[in-house]
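Residue numbering begins at 1 within each chain, and the chains themselves are lettered A, B, C and D in the order written.
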Amino acid sequence: MAVIWSILAQALHIALILAAAPVLTGVVRWLKARMTGRRGAHPLQPLRDLLKLLCKTPVLAENASMVSRAAPYVAAGAAIAAAALVPSFARGMALAPLADLILVAGLLALGRVAMALAGMDAGTPFGGLGASREMSFAALAEPALVVAALTLAILAGTTNLDAVAATLREGGLGLRVSLGFALVALVAVAIAGNARIPVDNPATHLELTMVHEAMTLEASGRHLALWEYAAMLRLTLWLALLSAVFLPFGQAPAGAAPHHWVVGLLAWVAKMGALALVLAAFESAIAKMRVFRVPEFLGAALLLGLLGAVLLFVSTGLT
Amino acid sequence: MPLQWAIVFLPWLGAAGLAALPRLRQAAAANVAVSAAGFAIALALAAQPFAQHGWTRADALNLPFLVLSAFVGLTTAVFSAATLDREGFDHWRIRAYHAAYQVFMGAQFLALLADNMGVMWVAIEIATLATVSMVALHRTPAAFEAAWKFFILCGVGIALALFGTIVLYLAAQPLLTAGNGLSWAALMRVAPDCAPGTLNLAFVFLLLGYGTKAGLVPLHSWLPDAHAEGPVPISAVLSGLLLNAAMLAVLRAKAVVGANPEAIAPGPFLLALGLASVLLAAVALWRRRDARRFFGWSSIEHMGIAAFAFGLGGAAANLAGLLHLLGHSLAKSAVFFGVGRAALAKGSQKISDIGGLVTTHPALGWGLAVAIAGLAGLPPMLLFASEFRLLAVAAAEVPWLALALALGMVVAMAALVTVLQAMCFGPATPGAAGTLEGWREAAAAAPLWLHLAVATGLALAMPAGLAAMLAEAARMIG
Amino acid sequence: MSFGQLGYDMAHLLGGGVLLLSFVLLYQRRIGAVINAFAMQGALLALAAAWAAHSQGVPGLYLTALLTLAAKGVLIPLALHATVRRLDLHRTVETALGIGPSLVAGVGLVALAILVVLPATEGARALAREDLALALSVVLLGMLMMITRRNAISQVIGLLSLENGLILAAIGVAGMPLVVELSAAALVLMIAVVAAVFAFQIRERFDTLDTASLDEHRGERR
Amino acid sequence: MLTVLALLVGALLALGVAALPLARSAAGAKAVHGACVAVGALVVAGGLAGLLGGAAAIALPFGPPWGPLRLALDPLAAWFLLPLGIVAGCASLFALGGVRGPVPARLLLPWPIFLAGMLLTILAADGFTLLLGFEAMSLASWALVAHDTAAAENRRAARVYLGFAGFGGLSLILAIGLSAGGAGDVAFAALREAPPEGWRAAAVLALVLAGAGSKAGLFPLHVWLPLAHPAAPSHVSAAMSGAMTKVALYVLARFVFDLMGPAQPLWLGAPLVALGAASAVLGALRATLEDDAKTLLACSTIENVGLIVIGFGLALAFRGADLPALAALAAAASLLHALNHAVFKTLLFLAAGEVLHGALSRRLDRLGGLIHRMPWTAWAALVGVAAAAALPPLSGFASEWLLLQALLAAWRVGDLAFQMGVAAATALAALAVALAAAAMVRFWGLAFLGRPRSPRAAGAQESGGAARIALLVPAVLTVLLGILPGVMLDLAEPALRQVSGAAAPRAGLFAVGAADGGARYWPLAVALLLAAAIGAALWVVRRAAPRGLARGPAWDGGFIAAPAHLPFGDPATQPSAAGFAQPLRRMLGESLLAAREHVTMPPPGSTAPATLETGFRDPVLAALEGPLPRWREAVAAQAERLRGLSIRQCLGLTFGAVVLMLALLAWLEAR
């Protein structure tokens, strides 16, 4: 019985997160517009854009190779796979044993590499520029992520997201300062990974400051749609990740009967909404930083993560 | 006449004959023939059981070196037969050269075989005189310089050795019966009861005296120049044979003194001189421009290594030292063959003038490269085995000295590698009209490769008899 | 045979004479005088050898005495004089270390020799000990002369007197086998050195015969 | 089996000798390389047999004057036979495909001897045999590096390499001697009997790190590697990077896990972790900056060696802290990564060789767009690149995932200083992995994507036949190793037991991971999930979107199309190797590698091009070629003054020695 529930939950989760991605992006954009005093487009606008893009025939550069055509699918697939692993409303889904934080990072890296290669395929300056910046930033974001994972692994004894969520939910860890540091580090990584302000501006079209946009500059039609969708999925995934780890309340426990799911579902929607609000507020409050200040930003995140881990050592050493 | 005497007197008779042969071709052939006969006798001698005949004895310590000397003497004779016509000697010098060569060979055999310390001293003196005349053979000012330096320094050296010999006898005199004075065997027998102080005095003089001939720092000054002048074969036999004889003399003295518990331990002296030689040679190698001087300095380094091994003492270290002497003779004379051939081909023995041998003379170039690598202690030559053994033992017993030794070895190795790259690989330098016709080319190349093969064979598949002999020798010298 | 007996005193006297002449060699300033002093030393050494032959009853030593006298007392000095004349070398000795200091150094070396030999040779015959001390002093003084004199001739003479010291030691040790042969061999070496002076035309001194000219020939100069 | 392997060593040596005449004809060269392929296969078989069967030992009938050469095959050695065999086979196959006529003997002859040396090193059961193989390996590979005597930088590379080889050998000899003790018996059995303790253990570790580390390219003795590996022919570079570094790591493992005894203190692992982290970061960073394809790959080898050594250090520390399960985890990460790296690095070097052969250049700035001209090479290389960039589900990710798990568990050791150090090492390892991803993207993107940067690249030719197979085999292996690491770890279980001193926990055939409740990684499931997701995306798009594509000039933010006088477009409008490296050069290079860049902008109105000069230098190499020779020269200058002496002064030396020793005697007797 439990097996069936878990499979069901998994399927529900995938459908939910796939559907939620465009909406969440739309909501964030709408909230930002509101906060900056504009009316803003309808939250469903991203979905419409995707559908419109799907109907267009893509135009490829003459010397574009197979990579340009295959990369969008790889990126989207990696994003979907990663999103399928992050617990949303219930724990103990069918794929829960696979849901490893490092694996999620790896899948995201896969998408990132696919994007960078696609950017270099046409042999245009901007594509290469975006690719090199993207890979460089990632090089600094990765350590911060792993160090944050270190803190979680010490607390939960594993990097399996499901288990981590369970530990942070039940375990009487109380409020750990280390968790705060880890949270900050993870948020910074999430910002860099999703090309949000202050690292990158998702809405910019000023080439010299672009990172993500520069790589997809040559993409069009269904390819562009896939790129956009993968980006939306990443955002959703990160927010879901943060909520699952740091706001674990409301999640339906493993093997629980479907009626618990309703609670979990509502809690999840609330959490995501809250996070979207925070994100929008944050982004509309501050300005994008210069490209070569980004390392300092991520380096600070890394140091905070390390500090958290060290504090944890001290406390575990004392107790 | 026992073989032990035959092997000494045959070369001397040959010398007398060679002095009468004015024509190069015949003289060279006769030289090879005499050397071959000497080699044959040496092998026969090695097959016989150990024995003592009057002033000479054949034991585990000298037989391996006797055979080695005869072998190197033969290959050197072949090499000189192939290349001597390039030296442009008139018939007087041809006679002098070949006569002196055989005189030296006889003296070398005698010095190795001598049981009587006095006879050994006389033999080494004769060898010195012979080599001096050969070094001076070119009659250039530089040759005279080198020969004179060699002569004076070694003259003083052997004078000291004689004094040491006398004192040694004085030490043993009260215990010796009349007949066997100065016999090493007898000295070994009575050494434990000798007056320790007198033994110490004798050892100091013997060490400094024969150490001069072995080229140990600070008594080494004659060695590089002597190696750089004169015909190439002389450098080969100087490094390959004479140094061994001197080192063996030091070992015999060390054995006598070491046999006496009250006397000072001879080890530390050898350790100090050996380490000094290795370190000084290692840095001095970096400043050399002249190929043969360079390898002369490398001889100093290797003698230092051997001295270090004997200073360390004990069966393992002594075995390493003996192996090192054998390996060094083979590798160094091989290198000198290669360098000599290269100097002919390039018309100069400056390192900067010898370049790109691999491209211009592949066989020679690679042979020389392998030989130099072997000299640097890389496998599969015998030197690799001996250095491995020595460093392993030293690291266990005197870690800090082993570290210093290894440091010296690394620096020297780097220098050798640099020269190897420069001479064998670098850009090819213009060649002189140095091509040897017909059989000469082969005869000039064969000794090099033969030595490499023998050194490799000894390193990995040494005949059991020889190995046992060396092990016993290592025990003998304590 | 010990102190107070004729044999001992005689041998001791002769040995001391040889040592004294080493000092004279150090002291002399003119080459001719140096050579003469060396000749005297050789003669004295021959006398000592003869006396040893008599007192030890080793007839072979008479031969040594004869050889020494002929070579060191007569031939080599004559040859050296001839050299000086033929190659017209400087007639005065240039010293690297002044006469006075070298004499002082000589005395120090004698003291060192005695300090080393006497305790080292416990148990040996008194005469042998004395003789060895004297011989060692002569050897050391010879080397001192070699390195403190600048003329090739006086340097060669230093070597020769060093060898005198060896002979002195050899004859001092009673019953030394091969003593005649060894001394003869040493003599051959010395004669070869003197011959080399001719052969190599060693005009000036060891200083100029340094590696500088080797460098020119073999590109060792940088 | 061991006998067969011993015979293989002999056969390879004989092959080396036979290569001299065989080199005269193409058929002969083909025969030699073909035989090497067979040997590689046999070595793999031997490794498998050694892992499945028990340990064996034999003494050869010959050897050094003091004893026979001893050989042995235990699980640890058997495991390292796998990378050796695979690399040897693939490289020889590639070389076989490259034979087009007589091969110079100096290129053909050392190759079998090189393989023989590596094999002998792994099989050695006493110190002398080990050193014999080790030095033979060095010497033969040096001959291969030095084959091209025309280029000055190659000669420099060969010189530096041989110098390092000699240094490493001497260090290892000292290490063996130090742990052998006075008896001087260097058989491994004897060394195990009396493991070193206290300062001796530290000294042995330092010496082994100097010896094996210098061969493996471990910081700070890595400087020869980026010089030497690219200088050799491509199949040799592959063998040097793929196999030789592994052999050196095997020597390291043999010492620290086996010969130095089981009871080693915890701190013994710390230096390994530190040096490993340093090498990983430095190597990866250099890889992102180099603009020569093969140098780039060599630097990435330094990075991977660093990661493997981190694993060794962790295993050592865990064993010292009596956590056998975690020790097995760390060791598993290292052993698995050693194998994976051997395979994908071979693939990459062979691909680089194929590019060099096709486009006649190793410089990224002269390549580009090769995916159109050499598709097989491009896609095969992409597999290797993805593995090197640690992307799931390929082999690199599996082993590096294990390594990260071991790092994340290292805090259990307990010692606070160690915990902090390991936390830093964790960050550094992650940094290195991400940097490697950047370097690999740069390598593949610049070489194969975009537009050709030189006419040669535009007209590149791909060679089929054996060379293509030699690319496909490791590519397939990379995928398989990525999907089935569990199988390999089950295979490695005996080796892990030998290393960790306890039965290694098994995670099952299809999963890897720490046994007790830790995270697991199911590569097969992940691969299926990924395939399903991609398939779903493909299906949906196919359903919803219209078919077809339109081709047009690159939009490029509004740039004009390439002018007619530039047949393959203006390559200068693409990112250059230096340009792509700019962000990382500014972020990390300036601080770690003293990187500098200088832009000269022409004055307004001038038509002169703006130029960007960039460069960096490895601090260690700078130290090696700066102060060290200066000191040596200073000492030599002092020594020279001894040489300039006149004969009189030389006599003075002798005299001084006499007087000194006499005085010494007098003093001794006075006492």
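As a convention for this text, a residue touches a chain if its C-beta (ideal position, glycine included) is under 8 Å from a C-beta of that chain, and two chains touch if they have at least 3 such contacts.
If you're wondering where the values come from, they're calculated on a predicted model, not measured in any experiment.
Engineer: Please find the path from chain B to chain C through touching chains that uses the fewest steps, and give that number.
Structural biologist: Contact-graph shortest path, chain B to chain C, evaluates to 1.
Engineer: Between what two chains do the most C-beta pairs come into contact?
Structural biologist: Pair with the most C-beta pairs in contact: A-D.
Engineer: Among all other chains, pick the one whose mean CA position is farthest from the mean CA position of chain D.
Structural biologist: Chain centre farthest from chain D's centre: C.
Engineer: Whole-Å distance, chain A centre to chain C centre, using C-alpha means?
Structural biologist: The separation of the two C-alpha centroids amounts to 99 Å.
Engineer: Can you give the whole-Å distance between the Cα centres of chain A and chain B?
Structural biologist: About 77 Å, centre to centre.
Engineer: Quick one: chain A and chain D, Cα centre-to-centre, how many Å?
Structural biologist: For chain A versus chain D, the centre distance works out to 35 Å.
Engineer: Where the CA atoms of chain B average out and where those of chain D average out, how many Å apart are those spots?
Structural biologist: About 43 Å, centre to centre.
Engineer: Which residues does chain D have that touch at least 2 chains other than itself?
Structural biologist: 643, 645, 647, 651, 654, 658, 662, 665, 669
Engineer: Find every residue in chain C that makes contact with two or more other chains and list them.
Structural biologist: Only 116, 119-120, 143, 146, 206, 209-211 qualify.
Engineer: Judged by the touch rule stated earlier, which pairs of chains are there in contact?
Structural biologist: Result of the pairwise touch check is A-D, B-C, B-D, C-D.
Engineer: Where on chain D is chain B touching in the complex?
Structural biologist: Those in contact with chain B are residues 62-66, 69, 105-106, 127-128, 131-132, 135-136, 138-139, 146, 149-150, 155, 158-159, 162-163, 165-167, 169-171, 173-178, 180-182, 184, 186, 203, 632-633, 635-637, 639-640, 642-643, 645, 647, 650-651, 653-654, 656-658, 661-662, 665, 668-669.
Engineer: Under the stated contact criterion, what part of chain B meets chain D in this complex?
Structural biologist: 148-149, 152-153, 156-157, 160, 197, 200-201, 204-205, 207-208, 212, 218-219, 221-222, 224, 264, 269, 280, 283-284, 286-287, 316, 319, 323, 356, 358-359, 362, 366, 373, 376-380, 384-385, 387-389, 391-397, 399, 402-403, 406, 409-411, 413-414, 417-418, 420-421, 425-427, 458-462, 466-467, 470-471
Engineer: Which residues, counting only chain C, touch chain D once they are in their complex?
Structural biologist: 96, 109, 112-113, 115-116, 119-120, 140, 143-144, 146-147, 150, 155, 205-212
Engineer: Can you name the residues of chain D that touch chain C in the complex?
Structural biologist: 643-649, 651-652, 654-655, 658-659, 662-663, 665-666, 669-670
Engineer: Taking the touch rule as given, give the residues of chain B at its contact with chain C in the complex, in rising order.
Structural biologist: 116, 118-119, 121-122, 125, 129, 132, 136, 140-142, 144-149, 151-152, 155-156, 158-160, 162-163, 165-167, 169-171, 173-174, 178, 181-182, 195, 197-198, 200-201, 225, 228, 287-290, 293, 349-350, 352
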